[in-house]
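Letters A, B and C mark the chains as written, and numbering starts fresh at 1 in each.
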Amino acid sequence: MWLAQKVVRLVVVLFAVSVLTFLLTSLLPGSPVNDILGPRASDPVLSARVRHDLHLNDTLPVRYEHWLGGVVRGNFGRAYNDNEKVTDIIRQRLPVTIELLLAAQLLSLAVAIPLALLSAYRAGSRLDRAITATSFGALSVPDFVIAIVLVFVLAVRAHWLPATGYTHLTDSVTGNLRSIALPTITLALPLSAVYTRLLRSDLIATLQEEYILMARAEGLPTRRILLRHALRPSSFSLLTVLGINTGALIGGAVIVEYLFALPGMGSRLVDAIGRREYIIVQGLVLVIAVAYVLANFLVDVLYGVLDPRVRHA
Amino acid sequence: MTLLAQTALATPLLDVRDLVVHLRAPGGTVRAVDGVSFRLAPGEVLGLVGESGSGKTVMARALLGLTPRHAIARASGEVLFLGRDLRALGERALRDVRGREVAMVFQDPMTALNPVMTIGAQLAEPMRHHLGLGRREARTRAIELLERVGIPSPQRRVSDYPHHLSGGMRQRVVLAIALSCGPKLLIADEPTTALDVTVQAQILDLIGDLQHEQQMAVVLISHDLEVVGGRADRIAVMYAGRIVEQAAARAVFDAPRMPYTEALLRSVPRLDQPSHTRLEAIPGRPPGLDAALVGCRFAPRCPRADDRCRSEEPALGADDAAPDHLYRCWYPV
Amino acid sequence: MPDLATVAPASGAPAPDASLPTAGRRRALGLSFWAPAAWIALVAFGAAFAAVLPLKSPTRSDFAHIAAVPGTGGHLLGTDEIGRDILSRLVYGARVSLTVGLVAVAVGLVVGGAIGLLAGYHRGKTETVLMGIVDVMLAFPALVLVIAVTAFLGQSLRNVTVAVAIVAVPAFARVARSATISCVHRDFVTAARGMGATTWRVLRREVLPNAVLPVAAFALVVVGVAIIAEGGLAFLGLSVPPPHPSWGSMIYGGKNKLADGTAPFISLIPAGVMFLTVLSFNVVGDHLRSRFDTRAGVL
């Protein structure tokens, strides 16, 4: 069946991802022994013990097996230096990143869908050209520039919103919203530009189809035609990219998280790489990569649900 | 009283007066419809015949105001439906006419149906919008309509998607949608061109049945005279944006006046001719509609053309003996 | 870091950008094409001939003019937070940005394009394997890959370029595959194969010319993405090490003076230049796409 095929592929890709993650971090330069023991690394007894504890004497495949076995059981290992459990790190950091990316996606859709509809319906008009030009502009600004400009304008000058820091949802809802407002806008700006252009493009193509003309000939109102007839067949590219982005943003919002001091996955990952905390890097990268693959998989399945032709192709 | 006589007395359902539609094109302007006039009585079937490039599709769409606004270079004339000029109506008022009083059927059933909506949903939509039917009512009506157009097991088909159906079935669905609100006029733009030959006859028969049942007027557009042949009360022949002959169907077939019509009739292959009879094609091609045209537009391809034809365009006129048979030729057949 | 996959159109044919579908379909190459093209040419010229242009040193500080406003002390665009001339740093920084942008994209285009072409043409197992590898590569957060590469190989212009190229390959593979699939099924390819053409010949003469166009248009957009990517890396201190200037590191250097409002131009000038450059590539790429997108207009 169509679904079964995709699940098999998913499993294979996930497996490959785990192998690659492991290889990547295992091959990074620097020895964990030095990092843990510091100056005491010259002591042969101590370093031998650390090597044994970390299974560093085993061959690569054995180490991989050991690591994967642990992962499957929910044990991602512990950081070398402070013995922090990687799973704890993930549990703390992941929700923050997810909240940020969901907010950014929602905001960009809220902006992109109406703009795209307007633009496509009045394709070629001055409004359309203005929207398209603005989209181009928004696409061309790097996120770190948006971030620092926003901070400059809204936080420093106007004092409306906090420049950095994160307030948890459980502590204060308004505080939480205010703390993610700027980072959300930063992320949403280029996203909404991409979505607007994508949706507009597909909408224009759909609006040329004969069934749209037929709907007009039936005397149906324009808004209905746009929303009910045109939007659905035009959403495929948008949905695909939406899904891909959701997966990608888990690891991709790094700069924004860093600049706004948000305790998310990306910022922790950068720290870990810098501090050579490879176990942490391994665990976080695995989660990020798996999330991406799963998101893609879900998008694929959703395709089949939305476009009945795909299921029966 | 004969239908024709009744027709002469009744007020026309549709009265198109000197319709002109010129379109913008990369090279300049295309005079797709260059002064078309005809009338249609209630319940009458008018067959509109023309080669591709004659402007018939543009005309069909222009009747309902479906030509994209930005593409129109020039437009004038009146389209009187029950006395109201459709061209003068605003978009909102037009929408009330479309689907409800005047319906349209398109050529390619593969592309005329929305691929991501069920048949039932697409059928129900105009009824819910124009007639205010509730969801369940509309679904019941939809099933009835499917049955009426000859689709087997309509209760199941109602939840199907268009790609589950064959071409002929889809066209039946398109017809059902068009008729759902009981329109008085149906414009069928090449309804069978995209279908297999065997299915074509079925669809045309269906249109004929429905037309009788609903006492609907039909404008049946085709490039194929055979399609229009037995089904129309009157036939209008269109060439290069103009009507060049218009008469009762019988008259057009038995005694065509315009050489073009005659050539069209002759070019249809017949089974009773001896085998290997050469097909008679009309030499040349229809004029590009962007050039300014001088004289009779058929002159370049007409075997009877002379200098008068080439310099002066004939007006649409008739013989005193047959005032209902209009034609546009200096030297009629 | 912007994800290249988001810029790549999804499965299926690349989304056509049909501007108004009527007369004037082939947008005349007006100002909206030549202006950005001229800007790109200007930047490229500066990058190429930086050494022979009459510029101040990009690395030596002029202690008499720290954070000088543009126009003062002989510095056309002012100086940065430790007194270095902004204009010359911009020009030298352009070298980094353009090298990464153009070279990384070129490599990604050739390698990724080849993969995508083969996958799209042969389909079946070849496609599954190739695109499986591509999917796995795409699953990795781009930043991690790049950081890993630079950590592995050291921070230098060459390595940053290699890293961005690696990230670009899978995105191009996807686009090339879509483009190939959408023309492989067209009749003229079947006709060529029916006439007995070998795979190589079919690819070269029928598929490639048609698939190249959407891929090329995509490539220009990716150049913009790559420039931003390098900018982000430089901002994090992971690109070419100081004192070599890079637009991203210039923006980072001026961050504090922007936050307190004393000398916002230190960040904003390089940000503006980066913006204009990326915008230019985007606009030119879009022109290319709409030029070669031959779709029948409505009517």
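Operating definition for what follows: a contact is a pair of C-beta atoms (placed from the backbone, for glycine too) under 8 Å apart; a residue touches a chain by one contact, two chains touch by 3 or more.
On a predicted model such as this, the values are computed, not experimentally measured, just so you know.
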By number of C-beta contact pairs, the top two chains: A-C
Most widely separated chain from chain C, with each centre as the mean of CA atoms: B
Inter-centroid spacing, chain C versus chain B (mean Cα positions, whole Å): 53
Distance from chain B to chain A - Cα centre to Cα centre, in angstrom: 54
Distance from the mean Cα position of chain C to that of chain A, given in whole angstrom: 21
Junction residues of chain C, two or more chains touched: 20, 22, 298
Chain A: positions in contact with at least two other chains: 124
Of all residues in chain B, the ones touching two or more other chains: 70
List of chain A residues in touch with chain C within their complex: 9, 12-13, 16-17, 20-21, 24, 27-29, 123-124, 136-137, 139-145, 148-149, 151-152, 156-157, 163, 190-191, 194, 197-198, 201-202, 204-205, 208, 236-237, 240-241, 244-245, 247-252, 254-255, 258, 266, 269-270, 273, 281, 285, 288-290, 292-293, 296
Complex interface listing, chain C residues touching chain A: 1-3, 5-7, 9-12, 15-22, 128, 132-133, 135-136, 138-144, 147-148, 151-152, 224, 228, 231-232, 235-236, 248, 251-252, 255, 258-261, 264, 267-268, 271, 274-275, 278-279, 282-283, 286, 295, 298
Residues of chain A that touch chain B when the two form their complex: 124, 209-211, 213-221, 224, 228-229, 232-233, 306-309, 312
Of all residues in chain B, those that touch chain A in their complex: 61, 64, 66, 70, 94-100, 103-104, 106, 108, 111-117, 125-126, 129-130, 161, 163, 174, 177-178
